[in-house]
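Next up is a structure, given as C-alpha cells.
Labels run A, B, C, D and E following the written order; every chain starts at residue 1.
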C-alpha cells in the first residue's frame, strides 16, 4: 500500500498460494481466474500450490521474500499456514484468504475472505440430493486424505438425512475409478445416489451406473463441458458450482485496487462466491463457459 | 610337533558322516574326516566333487543337512561364519569373500577392524590398517600400487592374495583354504605353500584344497579324496605316493595318454 | 603346419606397442606380439602383470589406449566383443562371462543361439541346444546333473568348463583362453590342453594364459613374458627351456629355497 | 573321447516329481497367492463371483496387467521405467488434443501418439545406455518432465486440465471397437482390454522362453558385462525393451481414453509403482535377470482382485491402502513359501 | 621375507594431483551441480540470495536432507525404505492425537512416537532379513499399511483428516524450542531444523568413514555373502539402519509438527522417492555399497534450491514438475561428468 502508486498501470505483483495441487480441476479454474484478472488489470500474478501445510507455508515464505503487493492464500488447514500468514501480515503485505478458512481469516490478520467453505457447498449438495428423494449415497473421494474433499462429503452427510459412505478412488486412473464405483454399486444395490467431486470422475461414474444397471442418481461438484452435456442428457442431476473462477478473479482485483488506489474492499466482511447449481435449466448457458475453462 | 603328539588331543575339527543337499541336489554324502593340531588335511577331487561344499560346512557358511560336526570334541552346527570365526577358524573361500567396491585395506580388515578410543568414540585406525595391509601383501610378493584401490579392480591373483593374507594374518586355530593357489603366479603360489608349512609348524590345523598334486603332496599330512559327493577314503602321507595320488585325482589311465596327445601332430 | 608356413601369411592378430590405462592406472605399456595360423602364444607373468588386460584388448572387451592392433594385417579398434567375435575370435575370460541365474544350456549358446523357423517366427531349438551342451561338457569330463541348473550353482571348475567348451565349440579362427585351467581338476586340465593342441593342429591361432609352466611348455610355440605391465620379451620355444621359463615366471632364485622351506621344521 | 551323454537320472539328484518341477517356475507362487485371494473374496462377498463382479475385477486387472507385463520384461532386462504411468496420460492427451482441438483424423492421431511414445521410450534407452546412469533416475526425470508437460500443454491448448467432447469426434466409434468395446461371454460383459491383456501375456511368454530375444533379455538383466562379452547386442535389446514399455503405455492410454472418453492431465501419475509391484509379486527380481510375464499378469490379477474385492466387501474405505499393503505382504509371503517348498532359492 | 613396503609413488600410476584425488569422493559431482544451481538462481532471481530467500530454501532442503541422509545410509547398506515418508506422518499424528485428544503429556508423547517408529523400523528389518524378500516390497507394504492406518485412525479418533489445536497443548512451547524454533544469523531467520540437518550429516559422515559400523554398512551393501563370511553381524547392521531411518522419520515428523502446529493424515506420502532421489543425485548407488552422507545432503540442497528457486523465478507452476525433471537430469549429468573427469567409473 504505497502512497504514490495511485495511477492505474503501475506495476503490481500479486502472489497466490493455495492448497490445490497442480492439475486439480477446481484449483485450475481458480488459477485461470486470478491470471485473467491480472491480465485485465495489468498486474503480475504468480500462482503456487501444495496440499501439505509445511510446503504451503514454505511457498508463502518464498512469496513473501519476493515482496509482492498482495498475497492471496487458501486455508484448508488454518493452523498449518497461521505462522506464514501472520509473518506476511507483519511484513506489511495485504492478505486476502480464499475458499476455506473463513472462520480464521480475520484472526490471522487477513483483510477479507472470498469464497465459501467446502463444507457449506457440501451442505448445499446434500439438500439438493435429499430433495431428489435420495437417501443412500456414496461420496467419491478422488484424492485420499484431501481436506477439502472430506469437508464436501461431510457437508453433504450433514444435510442429506440419509447415509453417506465415502469411497476412495484415484483421479490418476479414471478408468479404474469407474470400476470401483461400479463395484460399490454391485456390492450394495440399495445405493440410490452417487456424489462425485470432480467432473472427470463424474463422467466415469455415469458410465459405471449404466454398466452396473443401477438406478442411482448422480450429482457432482464442478462443471466441465462433458458434465453439462450429461446434465442436458439427464444423466447427471445437478452440478455444484462454487464458481472458482471468481474465487481467483475477485481477490486479485481487490488487491490491485488497493495497491493502486488504496481501496480496502470487503469492509471486514467475507465475499461469498457461490454456490451455484447447474441443472438442466441453466446447463446450456454454463456449457459455453465451461468449454473455456472458466466455470 | 609329531603325528603322535597331535593325535593325543581331540581333533580341532571333525566331521562324521556329514552331508549336504541344496534343494533336490545332493552335493555331499557320508564324508568323515578330521584335522588336528599341527596337521594339514588336503581335500582332493574332481570338479564338482563337493570340496567347496565340504569346507563351507567347516567354516559355517552353509549348515550341514546330515551327520555331525565336532569342534574340539563338542558337537556343533554353525549358524553363521561368525560362530566359526569366534572359534578361531579362518577361511579363504573359492569366491574369495571380498566386497568389490571397497578399498583393499578395508577388505583386508573387514569384520576385524582395528580401532582406537573407547566405547561410542572408538575410531578406525586407518593409518595402521593401511600400513599392515601393504606390508602383509608385500610379504606375499604382491606389490600393490595403492591400498585405496577398490578391490574389484585388482587382478584375479591379487585379489586372491588379499584373501589369503587376511586369513593367515587373522588365523588363530585352523586355516581353511579353498584352491588358494589357483589364480596365483609361481612365486605367489610358492609363498602360500610356505605359509601353510609355517602355520602347521606353529601348531595350527590347515585344510587345503587344490587340484595341483605338486602343491598338495609336499605340505599335506592326510589326503581326503572326494568323488561325486562321496568319500573315496582318507589317506596318510605314508600310505600314498605322489604318482598314485595324481592318478587317483585324474581318474586313472587317461593321464598317460595325454603326454602323447600333446605332441605336435 | 610348420613355423615357416605360418610366417608366410600375415598373423591373425598382431599388436604393436600396445597400452591401456584405467583412469590414472597404467595397466599395460608398449607390448608387441602376434599370433599366426596354427600357432599357440602363451602369455606368462606375475599376478597383476597385465595378462588379462592384454587379452581383453585382443577380444574387444576393452579398447586399447595406446599403440596399434592389427587383425589380418588391417588396423582395428574393437568397439565391442561382438566385432571381435565376428572376426572369429572366441574368448574364455578369467571371470568366465556367464550369467549366473541362467540355465547352463542357455549360457552355453548365449549370443549364438540355435533357432528353427524363419523371420519373426523363428524359435529356439531348445532340445538341440540341451543335447549339444550335455555332449560337449561330457567330452571335457564334466558329467552334469542337469543342464537346466542355473550356472551360478555349479562348482567353480564346472563353470570354467562350460566357458571353455563354449569357446572351443564356437571358435573359428583364434581362441583366447585366460587361465582356463586354474580351477580345473587334473583330468579336466588335461582335456583342455588336448583341445589346445587340437585347435592348433586344425590351423587355429591360440592365445593361452597360465601360471603353470607344466601346462604352458608342452603346447606353446611362443612365450610372451609380462612384468608390471611391460614386456620382458617374446621367446620362441627353441630359445628357452622349461626350467628357464619357470625361473623367469617365478622371478628368480627364490624358488630354489622353497623346496627346502616346505620340509617339516 | 566319444563318451555318450549320461542318462538323465543321476544318483546325485533327489527324485523330483512333475509337481515340484512345475513349482519351480517363477510364476507359481503368484498363482497360488492369486488363488487364495480369489477364494477369499469369493467366499466372503456376494458380488465378487457374479458375472458383473468378475467382469469388473478382470477389467481392473487388465489395465494394470498390460503395463505390468511390459514392465516385467523391462525388469528382467535389468531396467526400470518410472515414466510408464505418465506415458498413459501423455498418449491419451495427445490423441485427445489433436482430435478435439485441431480436428486431426482419429486414426492418424493414434499413429502420432504411438510414434511419440516410442520416441520417448527410445530416448530413455539412449540416455540410460550412453551415460550409464541408472534407469531409475533417468526415467524418473522423464516422468517428471512428462507430468509437467502433460499439465502445462493441455492447459495452454485446451484452457482446462482435461479433454472434453472426445466422444463427438468423427470416427470415435470405429476406434472404440478396438479399444473400448465389450462383448458378452458366459453372461459377462467382457471388455476388450481383457483380450489384449491375455494376448500380450501369451506373446511375452513366448518371446521370453522360446526366442533368441528372450534369451538376450534374461542375459542383459542377469549380467550385462558377460552378455556383452559373448556378443549379445545389448543396446538393441534395451532399446527394444524401453520401446515396448512405452508402446504398452500407449495401448493402455488408448484403452482408457476410448473407454471413458475423457482423459485428465494427471492421468497415470503414481501408477508406475503399481506396475512394478505387480511384476515383483509375480516373481520378478528387482535386480533383473529373473522373472516371468505370466507372473506379472498374475500379479496384476491379484492387485485387481484385491482392489475391487475390498470394495465388494464394503470395508471402510479409509483403510483401503492398509488392506492393500496387507494383501501385498501376504501375496509375497505365500509366493515365497511356495517357492521355498519347491526348493528354489530366491 | 621382510621386504619393506614400497614407496607410495609407483611408476604404474599416472601422477594425480590433490584436486583429482578430491574429485574422486562420491559427493563432489553433487557439490558442483549444487553450485551450478545456486549460481543460476542467484543470478536469475532477485529474492534467492536475500536473507529471507536463503532461509526459505535452506529450511526446505533441511527437511528433505535429514531423511535423505538416513536413507542414504540405508541405501549404502543395500536396502530401501519406502515407508520413510509415511513415517513422518505417523509420528506426527501419534503425538498430535495423544496430546490433543487424550491429554497425554507432550514429552511422553514424543517418546511414545519415537518408540513406535523404532519398532516399525525394526519390524521392517526383521521381515526383510528373515524372509529374504526385497526391502523395496516389504517397506512398500509397510508404506501402504501406514498410509491406510494414518488416514483411518485419524478419522476415527478426530473425525477429520488433520490435527487441530496442537499449539494449545501444555508444554508445546517448551518442545518447540528443540523442533520448531528459529534464531537470527546474518540477518536470516534460521530454523532449528537446519542445525539438526548439518549435525546429522556430520555424524553420519563420521560413522561411515571412521567407524567400524561404517565399514560394515559399506560391506553389507556391497556384498552381503562376503560380509557374512568374514563375520560382519549383518542382521545387526541392517536392523540399525532401518531403525535409523525410522528415527529420522520421527525427527522430521516432530520438526514439521512443531513448526506448523498441525499434521495431516496424508503428510509425508509421496516423499519417500524424493529422499531416494536426493541420495542418488548425491552419488549413492541404487545397488548399494557406495555413496556418501554429504552427497545425500547436497542432493537435498539441490532439491530444496530448485523447488524454491522455481517459485522465486515466478515460473508457471504447471511446469513445476517439468523443471524439476530437467534439473534432476542436469544434476546427475553434471555429477557424472565431474566424476568421469576424475577418472572414477560409475
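Everything that follows uses one rule, which is that contacts are C-beta pairs under 8 Å (C-beta built on N, C-alpha and C of every residue); 3 or more make two chains touch, one makes a residue touch a chain.
On a predicted model such as this, the values are computed, not experimentally measured, just so you know.
Asker: Going by the stated contact rule, which chains contact subunit C and subunit E alike?
Answerer: Neighbours common to subunit C and subunit E are B, D.
Asker: Determine which of the two chain pairs, C-D or A-D, is joined by the larger number of C-beta pairs in contact.
Answerer: Of C-D and A-D, more C-beta pairs in contact link A-D.
Asker: Distance between subunit B and subunit E based on Cα centroids, please, to the nearest Å.
Answerer: 43
Asker: On a C-alpha centroid basis, what's the spacing between subunit B and subunit D, in Å?
Answerer: Here the centre of subunit D sits 48 Å away from the centre of subunit B.
Asker: Could you please state the distance in Å, as a whole number, between where the Cα atoms of subunit A are centred and where those of subunit E are centred?
Answerer: Result: the chain centres lie 34 Å from each other.
Asker: I'd like to verify one number: the distance from the centre of subunit A to the centre of subunit C, where each centre is the average of its C-alpha atoms, in whole angstrom.
Answerer: About 72 Å separates the centre of subunit A from that of subunit C.
Asker: So which stretches of subunit D touch two or more other chains?
Answerer: Residues 12-13, 151, 155, 270, 285, 318, 320-321 of subunit D touch two or more partner chains.
Asker: Of all the residues in subunit B, which ones touch at least 2 other chains?
Answerer: Counting only residues that touch two or more other chains, subunit B contributes 25, 95, 145.
Asker: Send over the residues of subunit A in touch with two or more other chains.
Answerer: Answer for subunit A, listing residues that touch two or more other chains: 22-23, 144.
Asker: For a test of understanding, state which residues of subunit B touch subunit E in their complex under the given definition.
Answerer: Residues 59, 61, 80-82, 85-86, 91, 93, 95-102, 106, 109-113, 115, 122-124, 126, 131, 134-135, 138-139, 143, 145-146, 166 of subunit B touch subunit E in their complex.
Asker: Please give the residue numbers of subunit D that touch subunit C in the complex, ascending.
Answerer: Of all residues in subunit D, those touching subunit C are 1-6, 8, 10, 12-13, 210-212, 214-216, 218-219, 222-223, 225-233, 285, 289-290.
Asker: Flag every residue of subunit B that touches subunit C in the complex, lowest number first.
Answerer: Within the complex, subunit B touches subunit C at residues 22, 25, 45-49, 51-52, 94-95, 141-142, 145, 149, 153-158, 160-161, 179, 182-190, 193-194, 197, 200-201, 211-213, 218-219, 246, 249-251, 254-255, 258-259, 261-262, 264-265.
Asker: Touching subunit A in the complex: which residues of subunit D?
Answerer: Per the touch definition, subunit D meets subunit A at residues 45-47, 50, 52-53, 56-57, 59-60, 63-64, 85, 89, 151, 155, 158-162, 164-165, 189, 255-256, 259-271, 307-308, 311-314, 317-318, 320-321.
Asker: Per the contact definition, I'd like the list of subunit E residues that touch subunit D in the complex.
Answerer: 127, 131-134, 136-138, 140-149, 151-152, 155, 270, 273, 277, 280-281, 285-287, 316, 318-326, 328-329, 332-333, 336, 346
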